[in-house]
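The first chain written gets the first letter, and so on, giving A, B, C and D; residue counts start at 1 in each chain.
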Amino acid sequence: MEPPGTSRLEAFSDGVFAIAATLLVLEFTVNTNDSAPALGHQLLHLWPAYLAYVTSFLTIGIIWINHHSVMETIARADRTFMFINTLLLLVVSFIPFPTRLVAEYLEKKSGEGAAVYAYDATLLLMALAFNALWTYARNNRRLIGENVPERTLKAITWAFRPGVPLYLLVLVLAIWSPLSSVVVTLVLAAFYLPSAALFDRET
Amino acid sequence: MEPPGTSRLEAFSDGVFAIAATLLVLEFTVNTNDSAPALGHQLLHLWPAYLAYVTSFLTIGIIWINHHSVMETIARADRTFMFINTLLLLVVSFIPFPTRLVAEYLEKKSGEGAAVYAYDATLLLMALAFNALWTYARNNRRLIGENVPERTLKAITWAFRPGVPLYLLVLVLAIWSPLSSVVVTLVLAAFYLPSAALFDRET
Amino acid sequence: MEPPGTSRLEAFSDGVFAIAATLLVLEFTVNTNDSAPALGHQLLHLWPAYLAYVTSFLTIGIIWINHHSVMETIARADRTFMFINTLLLLVVSFIPFPTRLVAEYLEKKSGEGAAVYAYDATLLLMALAFNALWTYARNNRRLIGENVPERTLKAITWAFRPGVPLYLLVLVLAIWSPLSSVVVTLVLAAFYLPSAALFDRET
Amino acid sequence: MEPPGTSRLEAFSDGVFAIAATLLVLEFTVNTNDSAPALGHQLLHLWPAYLAYVTSFLTIGIIWINHHSVMETIARADRTFMFINTLLLLVVSFIPFPTRLVAEYLEKKSGEGAAVYAYDATLLLMALAFNALWTYARNNRRLIGENVPERTLKAITWAFRPGVPLYLLVLVLAIWSPLSSVVVTLVLAAFYLPSAALFDRET
């Protein structure tokens, strides 16, 4: 039996990324009781839910793009790689839950901190799993295709390096200001793209 | 590292389109209390939910077909394209929420306007994101394959042009009649297909 | 622009079939109040939910297998075909809702008939959409690949023919006995497979 | 009509595996009433939900990897194979429900046993369906590709053999200790991987 190729691994991973991103919409709820505030009023006050939705969606989008970049350098996947990938997907699949917590508790007197800690800790775990995946594949070029130049591997390693410390900083920031912590996470996701695009041009 | 191909981008996008369309069914609920009206009665009175479901499903179906047409002209995707695509998917994934609002509030005394504004605004954002995607790819043939004739690009641009003004009109129409606004959205989706089929024959 | 190929159409359709089937599990609920009956007792009394789940899952599985058979004979898809396919998927995506109704109302005094009528009517619509899809593709071999022998087309037409009348019969049967109607639907799904496998060997 | 290839079967199966795994996150709920315990406290007391989530996710991940191994030896799929595969997917899709039961009832005075029996019985059914799938494909090399050596088939059979007895043992263990039963299921999933990786190197 040959080592498994990567096409079904990509299909499975793409499925999980796409579903986790799309399930985020289930966090949105309104109170339909007759005694509830007017719907327009409720929709405007859902802004923490919109913020959490956009932040999580873009973050999943970026991790998907990065996963894409990694898979392009991989010639084959062994079962250890598949196991680490499963752990990464386990964390990504979990994102809708802390996202719902942020949507529900942001700017509430009680529970705001716990919600944002849970959110930031989940993203930190995601970054750690992603680094483990890349480190395992990249070490001694264990799973790297022959045609991939060392320069590309260095560029990818360089691009992924800030993930863990940044999400750690964001977690610490939540101690002072949970709201700022979520906003910074959104800004990180939104700003990562132009530099990532730059990175495409250079290599 | 080569610019990423488009196959995984299509797989991820197809996943999001398919899931967003399928999650629409979760909007349907009935009251199972013993004191609730008879089920048959309830099912007949769910017509706003059926209307919203069919409208959103066909609209997602059409945007998927259009996405398909765009991807066929694209030779490669850069990360900016992937970012705009992520924004488009973010809006498409959101559709089940305003669809649920329309299903819940249409023909209700309070909240009907807000629900339909939210719905129409979401579709307008979708059309804007779609236009941004095409404009970015098409300008100076930035990402267009060499074999794609200029005539085809013009035909696609022509076909997509009415989207934004039409959804803007539909949004304005909702001020007078929320119900008409949803019905017109459905009619637009249903009528777009024959002309689109015509467009296939011409090119 | 060439007529679109069928690979993304299959990917999108497979996504919808898979998601609709998997969303069926959301119908299962138990009462977690302290005053609720013991969980073991509740799980045994969920049998209408198990029956509905298995029936809908196998039915979606079979329609997926049949869709597969159709797509194998198709050389290309035009936008009318894509539109009919979208209508078929719209009905398939809807299946989790009447399935939940059957799970909830079967063997209840009130609502049982309405729930099963809704269920059977949905499956009838599905059979009608499926026939429309095949008839459109097959007429004058509109979309059929050159290498596909007429004999195969006849065999497929023959295999699909019983669908609409059978689901109509099942709907009529529900007037007398909603439970029998669901059981017959399950039996039809389970028995269709051996004959379908036979059909594979013959052609 | 040729016997259907396996690519769409894999796409459909991957879809179901990915969705079932991702739907697991919907089991997580917190009480948002003002009188509820603090969110931080609630999140710590959700540990049965985390345990159930990780156990089910890894188990689905492993069954997906095993499915992958089987499909690599298969040259073609007949409709009986597709039927058994549909039964396997039916069981896998069901997993989120007993997972939610375990998350809800573990360490509760009442219902704990029933929840874990339901969970273990589902995994046992999954193992049985998986064995049926492999036995059908493998017997007389019915669906096996010509290039696959007998040695590989023996190794796969050997690797899959412990599944059914182990899940049976885990079910019996639940009579004494439901919690241990879930923990052992997790350990089995986590430990299966290194030996599976070993198996890759040998063949």
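Simple rule for what comes next: a contact is a pair of C-beta atoms (placed from the backbone, for glycine too) under 8 Å apart; a residue touches a chain by one contact, two chains touch by 3 or more.
Note that this is a predicted model, so its numbers are computed, not measured.
For the copy pair chain B and chain C, the superposing rotation over Cα atoms measures out at 90 degrees to the nearest 5. Annotation: the chain A:chain D pair of sequence copies touches via predominantly different residues, less than half of the used numbers being shared.
Averaging Cα coordinates per chain places chain C and chain D 25 Å apart. One finds 35 Å separating the Cα centroids of chain B and chain D.
Residue numbers of chain A whose C-beta contacts span two or more other chains: 11, 15, 19, 23, 26.
Those residues of chain D whose C-beta lies close enough to touch chain A in the complex are 10-11, 14-15, 17-19, 21-26, 28, 30, 32, 38-40, 43, 53-54, 57-58, 61, 64-65, 68-69, 71-73, 148, 152, 155-156, 193-194, 196-197, 199-200, 203. Within the complex formed with chain C, the residues of chain D that make contact are 1-4, 8, 11-12, 15-16, 19-20, 23, 26, 78-80, 82-83, 86, 89-90, 93-97, 101, 104-105, 110-111, 113-115, 117-118.
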